[in-house]
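These notes open a run of structures that come right after.
Two complexes, one shared chain (chain A), two partners (chain B, chain C).
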Partner chain A sequence: MSILEYNGSGVVAMCGKNCVAIASDMRYGVQQTTVATDMHKVYKMHDKVYIGMAGLATDMQTLVQRFRFRLKMYELREERKIKPNVFANLVSSMLYQKRFGPYFVEPVIAGLGDKNKPFICAMDLIGAPVYTDNFLVSGTSSEELYGVCEAMYRPNLEPDDLFETVSQCLQAAVDRDCLAGWGAEVYVICPDRVIHKTLKSRQD
Partner chain B sequence: KRRRLTMADILLGVTGKDYVLLAADRSAARSIIVFKNDEDKILELDSHKLMATSGPQGDRTNFGEYIQRNLQLYNLANSVPLSTHGAANFARRELAEALRRSPWQVNSLIAGFDKKGPSLYYMDYMASMHKVDKAAHGYGAYFTLSVMDRYCVKDMSLEEGLSVLKKCIHELQTRFLLKCNSFILKVVDKDGTRIIDMDGNTVEPPKPKTFNKSDDSDSKADE
Partner chain C sequence: MASQRANFSLTTFTPSGKLVQIDYALNAVAAGKTSLGIKASNGVVIATEKRVPSVLVDETSVQKVQKLTDNIGLTYAGMGPDYRVLVRKARKAAQQYFMTYRDPMPVSQLVREVASTMQEFTQSGGVRPFGVSLLVAGYDDNGPQLFQVDPSGSYWAWKASAIGKHSVNAKTFLEKRYEEPELEDAIHIAILTLKEGFEGAMNENNIEIGIVGEDGKFRVLKPSELKDYLSEVE
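The block that comes next holds the complex of A and B.
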């Protein structure tokens, strides 16, 4: 079994009209055994930047601690919050630093940039970024997520519609993946607020 | 050949209303040989923390003692003990940093009682940590996690927790291939850590084996 499939996960980010959504499943598994059903894979970096990480849980936890440290240093030096595109660059270079002994995570970054323009970015485990304006996926259920997002995505969705779309896409995709599922967590980041909901999905 | 992490060590843990109960099997064995049947795999990190470890004997004891001694150093240096989350996070950091140098092949369960109440942390040998209410490591997990899911309830009393563990141990003794006759049970609550037996009565900690000739009853036969 590939090391990226050791824990199992499904992460998706979608752009809407002046908002972005990022969602993940909540399974913490060790190969085929499910250990817990309340593991967070989407982490808040600050109000307008969230990162979701799919892959090996230990590297995800290590990286979250490292990102938080780097962000605090950034905020001390720059006296402002980091922009999502700058943070994506930071993540990319931190991952590439370990090019020949990488962290086994494939992150997805979602946030609101200048003038609250929606921003999403996904990378592979060595930091190769991809920027689009529709949706990005990662994890063991990435292939399922590609299919269902392509079918259900429409541009310029309002926050509530975006929340519905992302939730349905994620749940449909992880239901077909034995290594992901057991609950889902969705964040919709708007300029004035963040909608955070935990979904109870199929518990299998 | 490098020591490999086997899954044969059994570690179980349940959290209740105001305690955490850990159970570990008592056999130290590798391959087809059983070295001893009275091994204590649950380490007292300090007065209100326990760490149950599984893995090759050297890694297991080395890692456990390293964490224990560093926590005692923290206690002495800062005059205040670390919280359970802090201790678990410290252990996780050590494992994570060693992961890409010379990894410890130690699965562990860290249990503690602090201001926030009882907590149990599941930690993989690769240093992925998660706070849980019930946990098991190794092959034992395949047999007992479902029993725990069925019988554990929120805010269990110690008697209820013990009855769940008894069911788990019975399941292991019925269906698990490897003989698991004896378990060591330790509980941590607001009064600290103690060793208990299956009925909840406190037992004395096992006396460490000494090697003085005068203590050995066999030597009297030689005289």
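The block that comes next holds the complex of A and C.
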């Protein structure tokens, strides 16, 4: 049993036309036992930067606190909001600092950068980033997510279509994974608003 | 070893509330060669006198205007060796920032770091304040910026300023002539201001000028370019 599979999760981010979506399941499990079905894995850093984390729940919670700390210090010193690509690099640096005793978390970052350009980034537990312009996945359901996303993704989707696509992809993938599921939430980040919906899904 | 360094500060208050060491450091600055900076609408120019102690000195080996990052540079008045230490620390701070954030360090942040270091040396045990004032010029998302940093660690932004021996006259000269110039005009004004207090003839080998424009690239002007500007000013 890998430590990254102790709690179970599925996280996905996708780029659309002037928008990005990030979604996750909501299961909080301890190996086979499901303890709660309302666990948030996607966190808002600010209006245009969101981070979703898959992996060990305790590390995810600690990292959220550490990111919020660093972000507040950044905003106070720099008098501006952090850009998603800069935040991604910060996350990468913070994870690599623990190279030989890492946080067991594989984050996915989604946001709108300069001129509201869609930005997504995912990294492994020691901070190796990957940047693309289509979709990125993480978690115990990552293999299933790769499959559905590859099949269903199309570039330049409008926010509503993007929402549909992400929702379908996430649901289909986590349904195949016994450690993820039990609810899902989706965020679609647009320049002027954020669409946040909780999905009705199979409760098993 | 606790005895390697004094664990008491050498910079202490007088009853009247002055830190005499800092005042003496400012004296060292006031005895240094004149340096000045002018913020233009589309860039910043910094200039300094580069007087070498003897004709035998190879003046190309002396660099008074230095680049800190692609878009930030600085010059000084006061003690050269102290300046070089600060340049090293500033460059390192800027690169560390870039390593963490993959985003160039904003000018004001870098200035804050340098100023913080200078302040440390007025309070830490066994050290003396830096005997330099710095003029930092940079161009970032907030446009062109010019900062002065003093031995005490205080810093503030200027539209135009001068430090060193003839700073008082130079500042008076600048006050009269400053009208948000373009970068090219600012360079001419800088040369004229330097000329005011210059002893002897000014040529391309005894001054140094650094500029940063809208392209965000700080560079030190080559002697050939200086020669052209000097002839334009004649």
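Here are some notes:
One rule holds for everything that comes next: the second predicted complex is superposed on the first by the 204 of 204 C-alpha atoms of A that agree within 3 Å, B and C clash if a C-alpha of one lies under 4 Å from a C-alpha of the other, contacts with A are read in each partner's own complex, and residues count from 1 in each chain.
Assume a residue touches a chain if its C-beta (ideal position, glycine included) is under 8 Å from a C-beta of that chain, and two chains touch if they have at least 3 such contacts.
All figures in this text were calculated on a predicted structure; none of them were measured in a lab.
Legend: residue contacts after superposition of the two complexes on their common chain; A:86 is shown touching chain C, with no touch to chain B.
Using the contact criterion defined above for the overlaid structures, shared-chain residue A:198 touches neither chain B nor chain C, since it reaches no partner. Of the two partner chains, chain C is the only one touched by A:77; chain B is not. Between chain B and chain C, more residues of chain A are touched by B.
When both complexes are overlaid on chain A, the residue A:33 reaches chain B alone and has no touch with chain C. In the superposed model, A:156 makes contact with neither chain B nor chain C. Of the two partner chains placed by the overlay, only chain B lies in contact with A:61; chain C stays clear of it. Of the two partner chains, neither chain B nor chain C is touched by A:132. The interface of chain A with chain B does not overlap its interface with chain C at any residue. In the complex of the two chains, the chain B residues touching chain A come out as 92, 95-96, 99-100, 122, 124, 126-130, 132, 135, 141-142, 145. Contacts from chain A toward chain B in the complex involve residues 6-7, 28, 30, 33, 35-36, 39, 56-58, 60-62, 101.
Contact residues on chain A toward chain C in their complex (touch as defined above): 77-78, 83, 85-86, 89-90, 93.
The part of chain C that touches chain A in the complex is made up of residues 99-103, 106, 109, 112.
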